[in-house]
Amino acid sequence: MEGRPLKQALARAQSRAKRRALLLVVPLLLFIVVTFVAPIGQMLLRSVHNDAFARNMPNVGAWFAENDGAPDEAAYSALVADLRLARENRTAGEVGTRINYELGGTRSLFTSGARGADDLEPPFATSLVEDDAKWADPQLWQVMRTASHAYTASFYLAALDLTRDGDGNIVRVPEGRAVYLSLFAKTFALSALITAICLLLGYPVAHLLATLPLAKSNLLMILVLLPFWTSLLVRTTSWMVLLQEQGVINNTLVATGITDTRLPMIYNQTGTVIAMVHILLPFMILPLYSVMRPIRPHYVRAARSLGATSWTAFRRVYLPQTVPGIGAGALLVFILAVGYYITPALVGGASGQLISNLIAYHMQDSLNWSMAAALAAILLAAVLLLYWLYDRLIGIDNMKLG
Amino acid sequence: MVADIGDGFVVFDHVQKSYDGETLVVKDLNLSIAKGEFLTMLGPSGSGKTTCLMMLAGFETATAGDIRLDGRPINAVPPHKRGIGMVFQNYALFPHMTVAENLAFPLEVRGIGKSEREAKITRALDMVQMGAFGARRPAQLSGGQQQRIALARALVFDPKLVLMDEPLGALDKQLREHMQFEIKRLHDDLGITVVYVTHDQGEALTMSDRIAVFNDGRIQQLAPPAALYETPENLFVASFIGENNRLEGTIEEVGPRSLVRLQTGELIDATPVNVHRKGQRTIVSIRPERVEFKPDMMPANAHTLDARVLEVVYMGDILRTRLAVAGSDDFIMKCRNTIGQTRLEPGQTVRIGWHPADARALDPL
Amino acid sequence: MKKLLVLTAALMAPAAHADVTFLGWGGAYGRAQTEAHLKPFTEATGIRTVMTDTDNPAAPVKAMVEANNVTANIVSLEQADVIRLCDEGLLEEIDPAALAPAPDGTPAADDFLPGALTDCGVATDVWATVFAYDDSRFPDAKPTTIADFFDLEKFPGKRGIRKGAKTTLEMALMADGVPASDVYEMLETPEGIDRAFAKLDTIKSEVVWWEAGAQPPQLLADGEVVMSTVYNGRIFAAAMNENKPFVTVWDGMQYEFEVYAIPKGAPDLDDAMEFMSWSTETQNLANLTKYISYGPTRKSTAAVKKTWEDGTTDMEAHLPTSPQNMTNSLETSFEFWVDYDSELNERFNAWLAS
């Protein structure tokens, strides 16, 4: 046949060009894998994988694999063997930390248990419990059973304010300890509020930018971009100077007699919203601007000549044409707001804290990275869900970032 | 030139417009447009014609003077209350709406019910032969189709006055000529008043009842197409509309049949327009198709000039002949390509002449 | 951001050029360590030193060791972190015999305060969480006890408290009348925890929560709060250096050891050990009090005259280890917090958000 050699010739002719093209994108591909795919994959893995117990406690792990139900003498002797092993390898702390994530007050149980393990005499079921009665706690055994699998959903359960009781059933955590769900809700609500305020403030500015003569719009653009070019700490400190109770705004309000009581505008939700709107405003304005710039004024003129009031012309003709910009800007601001943690940490006080602050807390203070990863993964899933919704409602190909 | 402007359908009464407070873009405009008239504002870019249209539409406000529509001053009426249909240069069809939604827009904002709306939309689309395109988006239509939709949208709410701002500028020549005919037909059928802005004189001549030639913020001449072409009132109008031969000379004799002595010494016949005294220097303008070289086509005792043929361009319907006449090297003569027409050859010498009414001694220099 | 940068720098930077790379807390404390230990050490031995600031050196230590790229070889840690990191095998063990004896020849193991030497760390000083008030805000009666901190009627105004369960819960119980010796026992019971939070509820609406140690002096100076919990060194430095009318209340103070430790697999281990031994000699340890009001951890330093860097202020009255300051005090239990940190912080965060 004629077709075959022609196809081969074409493939040969193109393969060189293809190889060269591939070589050009290889650095970027590597960069993305190293800086994006790998860390996120690692994070996702960490959120379900923690082998601190499984790796260091092989004997009791084997017992769990073969037996259900309450621990017997074999279970206790396996535990003691593992504690001796942990003493030898200095891993008792690691093991205790893992169990302590799910059951408070048990870390020292493991570290002191490991120290004393060499002196214990059989039967271990009595001698170990004599040493510390906590060893007989059924919930402890339940947690150890869960932890004996390297892969676990415990961190996700904890991130959703759930836990396992002594029988292994999934139950809500007590009222006083439930923090994550309400904080997720608060994070999304505050982010939505911030996005809405950014849109309300940014839309007219973007319109002005798009319609002013170039010389003036350039100047305005510099003003819009100024927050980008200022250090985060300078910005935040300025907000503190302005907003605090003895700050400029409150002093002015009191001096002019508008109010007697000083308004709390910082170290609470108000402070978080004000500072975040300021920082995220450019992310709303720029996509809006890029969508508005090519919209020629004659559309609105046409609408006006067809009998529409200026409000109707805006609502029916101008606004719909800027929807791609609104979508892009809102999505961008919302996603950034959901993940922002420095600003709320600095100006949010107690009530202005977002879920990202707890992720940072688990990363830096409690060092429970699996928990941080699980929280971050839930946040990531929520953002992806939002992205999917956006695609269904507006269409991702309609989004214009600039 | 100032007509009785009191009782037109659209009246510009001493209208002035300045953008910067220093120079006037429109200088003392007086214009009365009758009901049902097709009036074209013609002029080069920057002549003020589009500004006049925008003032009429309500997108610009007059700096001084009154604009009246149907006897009512509209200076303070916002655009959406003027009830004027408008077709824009780039059509300005709303890209996020279908054709039918575009047409429904002016009806919806007027609160017209659904069934009546649909009837009007169908009628307007049929009017422009686009009945099958209601569900399309503007981006899926060709330029000519978009033009038709823009026209239908400007007409769908039955405005008394329709403004068109160079509506055919973006179309190719053939389509443009076709659309000129369509617009003219719609105007005749619907009996609407049209104010049409263009810089294309051919378009203006084909479609208009009257043409207002704009230059430098003023109307240079306001006349029906034939009058404008055949009896231009000044040099700008003569040279802006149609092709034009220009001969410079001095008035020798003023009267019903004036004489002009050219710089090379020959005498020619001319009709004085803006010149009144003997001795004034002027430019005489003669249309190429009115130049004759056969003695029997010229009036008796007409003055004639020696001419040498430089070039003959065969253009199908006409033969375009370039002549050397009275010191000028690009004197053009157009002859119809009829049976038995004499074919001149380059190098040949002929005597040319014209009817005195066709040679117009325009402005003094 | 700063934390992140340091973390990245710690992970990515090539081996540091200095022979002792010190990971510290920055601020006045970091400056004191630089002036009292790092600089004189380099002068005495010729071994180069470099100071790196972070918000809490425990986090980069975990990151460095796990990434197998340890760049720092001396870290300044809290006792609780030392115990935890040591248990997880992230720190080198330190033999007390390698430390310098007291001037009178007492071995280091006997000269250090009880609890100051652990498997992996050598405590250098004792610092305290106290509370301080702005003298100008209380012209008449002055707060003198920890209970006064919770008394909004007698002493109205905003309070600054560190955002976290540690020290906050103990303080609440002590203010509620629980003797220092019973505090941790009580906190192990649900009733005790409820009692602490109930006490905190009484001032919750008036609290400004701070996170970085530099914040409370600033909050006091700005007039944002009338009194605040604060690290005793920070508030002393602010009062001395900036001449602020800040008064420290020692009643109900909680003290902790600050420790030098060496990360597992640290480079230039010999230099690090030499620094460890040199900086914990009696005189060098006492020198720290010239720059920061933290109490030295060796008994033998009692004989050394300790003076502030202005050359006149006797430091005895300003150190957590001075007997008159320890009348009603609590040693923060790292064992308790290692066990209950996650649980109580969860509860604390839930309480904050509600």
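Chains here go by letter, A, B and C, matching the order in which they are written, and residues are numbered from 1 within each.
Operating definition for what follows: a contact is a pair of C-beta atoms (placed from the backbone, for glycine too) under 8 Å apart; a residue touches a chain by one contact, two chains touch by 3 or more.
Bear in mind that the values here come from a model prediction, so they are computed numbers and not experimental data.
Top contact pair of chains, counted by C-beta pairs, is A-C.
Once CA atoms are averaged chain by chain and compared with the all-protein CA average, the nearest chain turns out to be A.
In terms of their C-alpha centroids, the spacing between chain A and chain B amounts to 67 Å. Our note on geometry: chain A versus chain C, Cα centroid distance of 31 Å, whole angstroms. Here the spacing of chain B and chain C, counted between their Cα centres, is 90 Å. Interface of chain A with chain B (complex): residues 296, 298-299, 301-310, 312-313, 316-317, 320-321, 323. By the touch criterion stated above, chain A contacts chain C in their complex at residues 89-94, 96-97, 100-101, 104-109, 111, 176-179, 182-183, 186, 232, 244-246, 267, 342, 345, 349-351, 353, 358, 361, 363-368. Residues of chain C touching chain A in their complex: 1, 3, 55-56, 58-59, 62, 84, 86-89, 158, 163-164, 188, 197, 207-209, 211, 222-224, 335, 338-347, 349-354.
Every residue of chain B that touches chain A in the complex is listed here, in rising order: 57-59, 78-86, 88-90, 92, 94-96, 105-106, 109-110, 153-154, 157, 163.
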